[in-house]
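Each of the next two complexes has subunit A plus one more chain, namely subunit B in the first and subunit C in the second.
Right after this comes the complex of A and B.
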């Protein structure tokens, strides 16, 4: 078995590496040991920032602040009372702080937890922001943390910093911590929960429609990342034995950011390689700042030159290979072996969806006026109208992206007006988007698996230790099998391991439907499924939509401009024009309705056609 | 608080605020057009200060000549940064340009350490700017304190005229609205982007020169903190809005100076105010005071 082979290889590698670390002090001097330690610590920091930024897509510039919290918490716990009373010169240390003490390992865990706690406090308000604003706000928090540390002398000894911290960070400590962090990260990212994290990064809107509470996921990932930041900071403090507020300036965050960019955003392997390269490069470049003698010619060291060269290298990496060394790929033992080939659903005539006097206004502009609709089980209903009629707005109101200004929406007898998209999805509704919104960087199979996450029972934290919580492995396997089954039914099985963005257009549309079906909906909204299809393709699509309804026992509401599709496939049709619900009826009734003809072809046309 | 002291604080706040505003304008123009936080902008500001230092103090040129040369030199540097580090990345994901900006910032700072050395150098202020003017009610002011806000307001006024009354200004506003459509309209987008970088750098140079005169010294990392604060001012005012950047700068200047003036015990926390202000506005009005609301299309 391939997985057994890979596991054995991994274990052998870990044992060999442990032997290397054991013997290292015999042949490596203090300087090299320190660099090895720094590589491990930087890798922990890079992995944690990568989880926040590369994997979950939250641009955070606050890592240095969380490192500072970790470093101070750990240092204050491992310093002896005698050392502390000698160090606080300008102001007295808080008495309770003088005598607290903890073993190093406990201090590491508390350091991580403290940073995670502050991370959670920061995340709850700040993660409502997105993009660059999030970056700036987190940068702001990191600076505030640093300013607080500088000014709260009785707690932190102010700008003097802490000295003489016991050098507890040994090679086994730093690499051991990295090993644990790495194992947990890899397990989590391999589980379906990891897929959810990447889905939030790739397309938050689509992720919400998969029933995912994206805000909660982001807070979780951010807090976990902060734990790593605190842990890394604590290890760092116990390695250099001195900490002060200046150590944790924005430059520190930039260093970590550089590691993950050089290694490849979103790649775990990349973070490890990146920290190896950046750490050794920064150390090696010190030579340009020391005087050198070549053939009796003295070249004086140039202060600042190291960072000049380093920043130039960084700019070059970004310009010429912006995806970094690994891109989003990961290391796998498989690269050393030639490739080999691999490889449930739940009555009738009840009302599924009912809209009563639904209104939607944006400021003074009325997007939808008094929409009334009743859709019964097993029906395929069309929503049509000219451009700007408010069709997609109606979809957005039904699926929870917009809150209706007034009116009620009942789904399976429950009121859902104003619920968020993830709640609407959990209630049994799913949709596709006019402009396809797939998680482009994920494989076809993973896209579908993310849709199944809301039906899984295991908690996110179990994915950190799947060997203990075997439900993770079991449930992920079930979901995988169901997803394969779905792909099979939709004729996408051949593409299972392809990247979603590489699929041809028509297949991408079917994949979006497959992903929607993975949430096991009872009601499916299709936004322009025939957009961009030729007549033959739309012919196939019509058969496909009916087959969907039959095989998955669905009720379907679709927006479509292709009148041939609408008239052939729909049992009932609603017509919107400029937000007004102008007509409803069977395809035959709609075809001869003068109001509809007027809306499409303008006034006068209906008389012409009637004549 | 005595009137004299209050007026001193007021003038201090006004000049600090208008300096933040001048730098913030450069951030806001570039962000409005490219959605890029030009992290190197604070370092461009530092270059302006160094250039005027070398021109007038080392090479003993007259101040007027020195100032003009410094502005030209800094503008060229700003244009070079765009050409070398940002232009190749126009089609790349935004993060790439951002990382490149961080790299450029590192580069300029450390290059300054290599060329100018890391030692802070004192700036000799021209005596004419420092001779106090006394008023009958006992208020004393130095001309520099008045010169700084006056120059800043004039320049921002001129920039607004350029943005709203001239063709390149129209093109710049069009690009910030929709870069692709503007390109279709036959506007040479790269030239207009260069113009934005050039104008921003020239204003940063003026701010750097005045900063060097007010806090009479120059050093390679002098652009870092004012740079970040000016960016905060730009976000506070509503990123993309030039008047917003100026207003944001002034508010930030007043908050910093007045909080310390009225509560001297808080002086250690001075730098935290800017960030607190930033986080508050981001939470309650993420688009800033004058910014426009952008929504994701579903």
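Right after this comes the complex of A and C.
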């Protein structure tokens, strides 16, 4: 409902804005129309650089170069042959170029594609570098482009530049392009792909470990950003109506960089706000350079004064809002409406997980036979059995790693049998592994944040309907804060910046749980949480598991060999033996169940204490 | 903070309100007051301001100068001209240093139908196909030919080379037109070398030049880089002469180049404070300039800024009106107008036709050598 409401609001806003643009010439003079055009173009440029730098985390200083490519491609396509032949006064224009012509919209697309093509060429070798090296390499690229344009006079008219480009960039054109770019960017960022982009920015190593081809993702994001750069450059050329290589110096890149830093790195909303502020402020501040008379005191105009004031304002923004105006947050209509609380579970006795006749076979080998299980909300349930009893197989079936051969698995009333792990995770289930699987090279905080990324895998088709699924992006903005909060609750906050591998063993276990919790599960699967712990650590763990259940409103299913832990912490226990579900009941019932004693406790009492 | 902003807004509104006056002729000035071209733009503005203070009224109406900075930036230049036309409703505009900036501003003025007089934008493209853009300066082909004519005819030098800033439209244009003209007269171009703005080491180019053994090297550089080239040439023991163009006409060149600039020549507009015979306008200008700026000698930029205003004043008076369209028509018929930089006539392409001067540095001082008539 909320998403439908937001969609309607968005459509209303777009219509109102279109009406505003339509009527703008009636009440805005040419000057303000020009500023409006510039805002849109700057926003396109900022969005595209933000995609590269703010969102995917590649520090690129080459945007001016891609703008130049776009501007020249578009200009050469829309200029008439007569204009071209008059302009090349130093060297003759290439004959083929003289008669090349295309409509403006086609030229815009080709400008974007040309920039994207060069972006791809740069990306393939250069993106193997990272961080500062990438910045230097792209900076060099932009300079090379500028020098090429200067020197390829038969193609570009060299340093004389081009003039008389038809002023095709109207308000509808520039804002229309921004609208499309914005729509695509927002859709993409909300989609699965957007989550991956951010994961690459936040932690490339961990992202790789989660099966993401980070190089490919980076090349793709870089190329897409370059498309935006070329488009913006082309629009700019058709607004100013004249271009030359000096227009695309590094200062041009700095300008865009300034917009995205002020607006907030990684925030689409921030880029829009930033371009609005930077564009209008520079023009609005012109009055400080005029002579002003205040109470008969004449203050002569000082050229450059507005730049001083503008710089001061920038510094203030950075001091008071280090992450920019928006940080990583995004605009949502929700801010105008009071938050509705997510509905609580209707009753504490609701069934969270239900397994009916679940079978798992590997070829002829039967790992699990007819497993029936019902786990109610708030319960802590143990799953025990001797080695090879099929406990971990059961975990893998529940969490989606294996597809059950037959039978149904219902989670929160919905069937999840056969769903992939990420879908199961999205449904609200999370797990830890028998052997700790932390990203050892990453900090504790980063580990938890990566855990949240998994939560961001959405159906691709959702991204086709922007603003409908706002709930998705909201979570994303708060990931860092939530991760910190989680660490705080689990008593790991002091280690936030430590390497995960440097933590004591017990803390690593808790961290793995914290990471699982970051996906906001309703149901947690713990695979041998007490493995390798000394008695004191096991004691702490028992308290910890109960506290988890209480504080996070969880239902927990755990596999454990340490009988002390199982009997003390579990409300209910299921017993497996060689894939067969042989018993279930309260700890007391299990302790006195002859089948269990025979199959498990009796035969392998030593095993229980050894674990 | 919010109160402060509100107060600022109020002041701003009062200021704008005070300006709304029908009996005022508004002349907009857009020039590079900050950014990389600020050195030239500032001087031109000071020239314009001087002319304004000496002629505060035209047709009995008060003239108001509205000055906007274009930051040596194309986007800002277009913004600045739009602002002058749309917000300040100026009758005519003066500016700017830098041809690419003039082109950006020119498109806006052309559409709005407001006449502009360019100060020192010498790229031929600036006024090409423009009804409303004029300029008080001559253009690159004319000046390139002038330097060639002086080198070949007056100095009798038969072997020339060019050293050109590849990234500068002005430099590239001049170099090309120098070579064309020099070859047409029968001279030989022995080398054609390039550098990029911002270079500081010219040893490679200079060594190549020394090998090519020219009699003279045409160096259409800006004064800062030009001075470095001259210094390094002296250090390398180059024995050929250098000739530059009007961008070398800056009082700073002697300070920067020291004794290395001795004997350096450049073409320029027919004005220099060292001129023996000045016309009345130039005399008045030099006198008044020295009164206001006793420690700074005027150069051609100051003179061109001044001349724009004089040319505009003449056009408004002949038109008998400050209506933009009428000013434009009158500007088009400007003929033999006495200006600081000689007699100015506007030709069919809206460029000024005027004498070209030659300046040589002698004894650490700029010395006006004479007038040259370019063979285009």
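By our rule, the second predicted complex is superposed on the first by the 330 of 611 C-alpha atoms of A that agree within 3 Å, B and C clash if a C-alpha of one lies under 4 Å from a C-alpha of the other, contacts with A are read in each partner's own complex, and residues count from 1 in each chain.
In the analysis below, a contact is a pair of C-beta atoms (placed from the backbone, for glycine too) under 8 Å apart; a residue touches a chain by one contact, two chains touch by 3 or more.
Remember, it's a predicted structure, so these values are computed and weren't measured experimentally.
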First, second, both or neither for A:536, with subunit B first and subunit C second: neither
First (subunit B), second (subunit C), both or neither touched by A:3: neither
Partner chain in contact with A:303 - subunit B first, subunit C second, else both or neither: both
A:292 touches, of subunit B and subunit C: first, second, both or neither? second
First (subunit B), second (subunit C), both or neither touched by A:150: both
Touching partner for A:38 - first (subunit B), second (subunit C), both, neither: second
Which superposed partner A:86 touches (first subunit B, second subunit C, both, neither): second
Subunit C-contacting residues of subunit A that also contact subunit B: 147, 150-151, 303-304, 306-307
Residues of subunit B defined as touching subunit A within the complex: 35, 37, 84-85, 88-89, 92-96, 98-100, 102-104, 106-107, 109-114, 117-118, 220, 228, 231-232, 235, 268-269, 271-272, 275-276, 278-279, 282-283, 286, 296, 298
Sites on subunit A touched by subunit B in the complex: 59, 125-126, 128-129, 132-133, 135-137, 139-141, 143-144, 147-148, 150-151, 205, 250, 254, 257-258, 261, 265, 302-308, 310-312, 314-315, 318-319, 322, 392, 396, 401, 433
Partner subunit A, residues of subunit C touching it in the complex: 11-12, 15, 18, 33-34, 38, 42, 66-69, 71, 73-76, 78-79, 82-83, 85-87, 100, 103-104, 107-108, 111-112, 123-125, 128-129, 166-169, 171-173, 176, 196
Residues of subunit A touching subunit C in the complex: 29-32, 34-35, 38, 86-87, 89-90, 146-147, 150-151, 158-161, 163-164, 167, 236, 239-247, 251, 282-283, 286-287, 289-290, 292-294, 301, 303-304, 306-307
